[in-house]
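Input: one structure, supplied below.
Chain nomenclature is as follows: A, B, C, D and E, assigned in order of appearance, with residue numbering initiated at 1 for each chain independently.
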Amino acid sequence: MKGATTHRYGMVIDLDKCTGCGACMIACMAENNVPFRDDESDKLLSLTWMRIFRLNNGKPFPEADVCYLPRPCMHCEGDHGHSPCVSVCPATATDYSRETGIVSQIYTRCFGCRYCMGACPYKARLFNWWDPVWPDGMEKFLNPDVSPRVRGVVEKCSFCYNRYQLAKNKAFLEGRRELEENEYQTSCTQACPAGAIVFGDLNNPHHQVHQLVDPDMAHGGRPRNPNAFRILERLGTNPKVYYLSSREWVRRSGDNTIEGEGKLKSH
Amino acid sequence: MSTTEEHANEVPAEIADKKETTPETKKESAIGYVILFFFVGLIASLIVGWIIFPRLLYSQKSQPFDFNHAVHLDLVDEGCQSCHYFREDGSFSGVPKLAQCIDCHEEVNGEDPNEEIFVTEYVWKEREVPWLIYSKQPDCVFFSHVAHVSEDSLYDGKDCVTCHGYHGESETLRPYQYNRITNISRDIWGHNIAGFARNSWDRAKMDDCAKCHAEARDAASRRNLKAPTTRFITNIIDVAFPGTRPAGKGSSVQTERGACFECHK
Amino acid sequence: MDRALIPDGVQRDPLWKFILKLGPVVAVLIWGVVAMFLCWIKGLNQTNMNNYYGFALWIWADLAVIALGGGAFFTGFLRYLVGKDDLKYIINFAVLVGFICYSSALLILAIDIGQPLRGWFIFWHANVHSMLTEVAFCLSAYFGVLTIEYIPLVLENRQLDRVPFFHHLSHNMHGIMAVFAATGAFLSFFHQGSLGGVAGVLFGRPFAFREHVFIWPWTFFLFTWSAAAYGPSFTIMLLKITEKITNKRLVKDNVVQLLAKISGWMILTYIIAKIIDTWYWAAVTAPSKGFTLIDFYSNNAFYGLWILFLEIVVGGVIPAIILVSDKGRKNAKLLFLAVVLGVIGVSVNRWVMVLQVMAVPIMPFDQWALYLPSWQEVATTILPVAYGVILIALSHRYLPVWPQERELNPIDAPSAPEAAVAEDIDEAAEAAPDGDLAPAQA
Amino acid sequence: MNIGRRSFLSFLIGGAAGTALSPLPWKLTDDISIWSQNWPWTPVPATGEVTYANTTCTLCPGGCGISVRKIDERCVKIEGTPGHPVNDGGVCPLGSSGLQVLYGPARIKTPLKRVGERGQGRWMAISWEDALAQTADKLTELREGGQPQSVACLSGRTYGTMPSLLQRFMAAYGSPNFMTVPSMRDSYALTFAAMNGQTAMAGFDTENTDFVLSFGSGIIDGWGSPVRMFRANSAWQGGRGKVVQAEPRLSNTAAKSDIWAPIRPGTDAALALGMAHVIILEKRYRSDFVSNYTTGFDAFKTMVMAGYSPEKVAQITGVEKNTIVSLARSFARASRPLAICGRGRGEVPGSMNEFMAVHALNALVGVINRPGGVWALPEPGYIQWSGPDLDAVAIAGGRRQRLDGAGSSNPAASLPNRFFTTVAAGEDYPIEAMFISGANPDFDFLNNQRVAEAMAKIPFVVSFSSLMDDTARNADLILPDHVYLERYEDVPAPMGFQRPIIGLCRPAVTPQFNTMHTGDVIIQLAQTLGGTLADAFPWDNYEVCLQDTLGDQWDTLVEEGYAMDEGFSPAPWADMFGSRKFDFTAAGIRNGFVPVPIAGDDITYPLVLMPYDSMRVASGAIGNTPFMTKTVDENVLLHGMAFVQINPVTAGSLGLRQGDKAELTTPAGKAEVRTDLFEGIMPGVIAMPRGMGRTPYDKKLMKHGVSTNPLVSSVEDPISGLEAAWGVRAKLSKA
Amino acid sequence: MFPFNFEWIWDMSHVVFMGGLWYALNIIGIGMTFCIIKAIYDTVKGKDDGHHAEH
């Protein structure tokens, strides 16, 4: 009786527009109660669900070019929900929802084996090495819709699932079951000052994400827009985060190619 | 025999070997003691585990003052929803705030000492009442009231009694019991230490949610089946192999039930 | 003082000497225990693991000890199921080593998880699709089997054996040991394989990923195979070390030669399979994901191609050649070299399958991440070694681990018992204030 | 001893069996794991009703509309207000982490009086009565001593009722020394005054531009109103316009631009003149504008033609000749071109020569006051208070020479950089008391040792800061203001916005601590001082003052959150240049390119250090929040150490590798840094972000890295006297 | 782990995996139970089979 409507929520990030300002990271941290410590400069220990990578074209001055690439969780669908991380979790603490296409992480179920972190090629999964501590008074801005995590568990971007829940609440109250595109938007999408992030249902041809990338669902959601690409397309993770760039070198940075291979293999 | 054994353990084997001369009778009475003590241990630990342990595990607090639901229910028009309403954004307001009560209780209206406590200690001092909420789920749980009561939701309209029992008809507030280790209300984790629940409101653990959801889903999928035989066979399959029929599948690829995020946050 | 507990007819160091020798090991053990509690109380921030290195030293140690402990199941398999009867002279030791390895593995896992108090979720909320679930279940169950195999040995302690119940129990357990051994072999096959699967199924990590047969990646079979191959080598290595330390011969050469020969052929066949696997991976699997072999071994000295050479040639081909050749095997020095190289080879394999997997960047714009363990990690990793040494020492001293020891190290017969008794009584008298020993003197 | 050991053992076995059959072990195992899921020391955020409070952000001059999400009386998140004309729902990193300022441990919770040595951090909490009385006593004493001019005031904000109240207070009290913190806004105003011949603010119609020529302006690095510029940039990226960035370093703006023209630092004006050369030579200028509304074009033409051929400019700037020619052509050919300047975020005013050269380019293509161009906006005019009546003391004091020299001989409105130099040198008359509101000069000013010296000579420093920033730390008395989420204020004229707009900043929550609105403090002080001062402040409190001042617009502001003149369009040329024509020969540009002489000789200091602006590092009075510091890359800041970006070629010649520790030396100071090898920076130039290395008043907030301000020597612009230094010569050696 | 666990599904994976596991655990359990009961029986009977441990 469910399954009547399935969504595949996804994101398109326009790297031409992205300025690398970091507002998405902060909006994410604020929405999702991500803690912070005195020194967060070691990025291998820092909790940032959304992380911005700096890409460069590897050329010397003055041909050098850089591009910022924000990386949330890709919410891989893999081969029918077999995301790299979901299938490996021994305690069923992470799951793939057919209803939304979102990869969840249940902090209270996770016991911290970190296998999923090893499985994720995007490094989108992060571990709570420390107990979260908010300086006196700062716990006041914590969002009640997302539970603060304790030490020793893995966490990651949830596409602000709490916002989906709240949007559904409102829809139910108004006698609806389906959400409008603007009713459910992630925190980073909403905050992006450049409007570089677009979020919506990839299954719904009326949603902007679908129109922007024109996903080829017969081939694992591969984008048909020539400017669109996904990171590590060849691994078969089938991520739901797409990137747009008008620059060839940026698009090529999204995946590994062997020298002399020329172009990405089409299949 | 026990003496022999003790010696055997402590003296060199060569010496002990020569001393194997314990009377049979003594050995038998020793076995009797051994069996007796086994049962003493068994029963004592059963008493500890079943009777003493629950008393130690749970503690109780009383509410700041007593509240009569029955009286209030008579005075309002829209039943529970008069005070426990939905906000415009679909969220559930839960226990009323001072602002709601103030409409009627700005001054002491009646004789009830509880009302007097309320008005003098809270209304006049503008302090919210620190009610202890029996049905409060831990922080990791997201529960959508509206999804359960609205006619359009997936699980059809339930009334409050289905989950909360006849709390709305009560005249006093029972003590609030909670688990000393987890700090969670006993209404969530079960009044029966063995985990049995007679009523849906005796326990509200994840498995209880799952049970009800599975029933709702199965019932819904069965409604479409016309022939009694088909329905019978399907029933058996559902009971024996829940979640196997496509119609009964939930959104989770891991459990074929509802995905974890639906209730966890 | 503890003469009464020592098996008949064997020579052991005086207790004070034994304790003195073990002292430093106990100190190491305490150091490890302190680190262990630090990790439990303060959390995994005590380690140098990070979000790129979610799996690090400990998981390597885990995989390595389990591979090395493979000698137990394989020797058991050979002894009880294949019928290599001679191996009964070394099976006790193999079981002991296996017991140490598996108990260590479980302990390390208990330290490694972020929320040890919820560790049981892996069983209760098991996701059967996860290789780690399979590992956890089979590992625990097999540890149970090893315990069952070890118990009779403990019960055969000279004093415990006097208790009729214990005597009968160990006797009966011996009687059906083949059943346990068979179950153990079955469980071992799966968890060794699953440990290989842990890395092999990571389709997001081309360095670890391998093609599948049904649900199992090739590493599944390679891991089982390598554990069976290298496990006995580890048993032999420890045997030789024990003989060196105790200055005694404990197992006859024909037994060692038999085990070494089997190990050699297993290593040889394994390493051929491994080479084929490596070639296929380098030529087909990795390029299909956009990687060349050299991508995995470049940009840093730590994970250069030398590590591949070390694993396959030095730790595989060379020991295989030594062990399968009669001459090589019979030369004591070469034999020892071969088993040591074998142990290194399999450890390097497990190292690579854990740590290099994490170090290799996958996103083209990502970077190599290297990691050095913190002292807490090192200490907790050494902890099982110290624990193993102590357990071997205690077992050697008090349990009849070596059926051939008396034959190989005869004690001057007539005077021995008297002397022993006299010495014991003296020691008992010294200890008299304890009270317990008073009846004996009477 | 029949019931000996074995019975006991049997008892234990029975006990174990019974325990296993009882709920005890299972329930305990379960409960302990539940306990670990909800550890009591992990906060549980309270639920409640969700509401939104719309207000205006004042953390930078951008003037964005923000919606504060609240759960009951708790602010939980800051989001951009959808539909707001400035930012339409977007929010910048600093803006979205504003709650960390509101609830942060750096807040000053009550008035504080210094008890230890200055800067020692030893304070005594005092009541507001005491604090106000002590301030009033001091002011009375100075006034009665006949030296009202010895009181100075520095305001961080330029427009609105708050700086106006402060200025009015100073005037009525009798001091000429009221200053605001200058920025590129002042340079633009002076450029307009000199060339357009009018008092106006610069607005940029970026939404309608199709070709942006930026001389080092960090369009997406915080220039102007940052979110608005981001949106404009997105529109250009979407095909609506081309961006050219002339800058020695591949900033984010340069990386996103269509053409990046790496230019030798400090030669921007030459490039502008070179382009003017091409445009004039090829007659691509807008002749209707040039011939009808300008004056001095011929002289300008002569100057440009003589000295700024592409070849010569290529030599000066390092930009290739062909690039100069093609840039000039595309600029002139574009239908709505726009040239902008103001380095980075535009917080340092800059060289008038450069501003004028760039403005001349805009004039050549005729985009002044045209769609897509640069607009002259009237200064906010809603503050219509009748001038305060001055008593004799005030008149006498007011006639004294301003210590910063602004106003009379100099066109600039205020020159705090010169003020601090004068005070430090002890010239003219002494300053006895200083009020500082919304500014952090101890940190923010270049070569800020000079500020410290000046401050040391001022015996009574009063800070109105809400946070224990570097300046408050060195003050004698702190009268903490509410933070912006707790108070009312008008926020007019977002930097660079092209329409007159006032945003309303209003309380999202009640004040969290014992703080007081600085407006109220001023009104109360005036009333305590009495006389004409009291008469000049007839309002009961600041809120009344604000409502009175805004008059009709108040209702709109309360309802909409902002009041904008939707139909505004800039004055047509005829109105604007009818009587006073655009002057190509204004003093700053008449003689062509005049480089800013930065400190240091090129033999001792072979490199050039340029501070750069990053959206992830706040450089203004508000420092980095913990969330912002979290976004800073590991090649910018690592374990408390800041990196300098350096070209690998330069680094190679110095023997430096990625991440190496090095000592950075400039004529002004030294710092320990690490090196980040970056292909996007011109060889010989090194760069560091501004805004790091604050005094550690909150360890999570700002201690990290190194501040560039003490390293860069201040340089006065010869025309305006404003700060013009864009860098400093430097030396880098391996540590 | 058990069919009454939340995560349990009656599908091939669970039946095969858990089936194999429970099969093995049962063999171990039954084997040990047998040994213990027989040992108790032997003890009560006073059976002596010699000191096998010493060969």
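As a working rule, a residue touches a chain if its C-beta (ideal position, glycine included) is under 8 Å from a C-beta of that chain, and two chains touch if they have at least 3 such contacts.
What you are looking at is a predicted structure, and each value in this text was computed from that prediction instead of being measured.
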Pair of chains whose C-beta contact count is the highest in the structure: A-D
Greatest separation from chain D - chain, by CA centre: E
Most widely separated chain from chain A, with each centre as the mean of CA atoms: E
Chain at the geometric heart of the assembly (C-alpha centres): A
For chain C paired with chain D, centre-to-centre distance based on mean C-alpha positions, whole Å: 64
Whole-Å gap separating chain A and chain B, where each centre is the average of the chain's CA atoms: 36
Where chain D and chain E are represented by their mean Cα positions, the distance between them in whole Å: 75
Centroid distance [mean C-alpha coordinates] between chain D and chain A, Å: 32
Contacts with two or more other chains, residues of chain B listed in rising order: 5-6, 89, 91, 139-140, 254-255
Shared interface positions of chain E, touching two or more other chains: 6-7
Where chain A touches two or more other chains at once, by residue number: 42, 46, 54, 56, 92-93, 107-109, 131, 147-148, 150-151
Chain A - residues contacting chain C, complex: 42, 44-46, 53-56, 69, 78, 84, 87-93, 109-115, 117-123, 125-131, 150-154, 231-232, 234-237, 253-259, 261
Residues of chain C that touch chain A when the two form their complex: 43-45, 49-55, 112-116, 118-119, 121-122, 125-127, 129-133, 136, 198, 201-206, 287-292, 295, 357-358, 362-366, 369
Residue numbers on chain D that touch chain B, as the complex places them: 1-8, 10-19, 21-24, 27-28, 31-32, 34-35, 37-38, 40, 44-45, 47, 49-50
Chain E residues touching chain C - in the complex, by the definition given at the top: 1, 5-7, 13-14, 17-18, 20-21, 24-25, 27-28, 31-32, 34-36, 38-40, 42-43, 46-47, 49, 51-55
Interface residues, chain D side, partner chain C - complex: 29, 32-33, 35-37
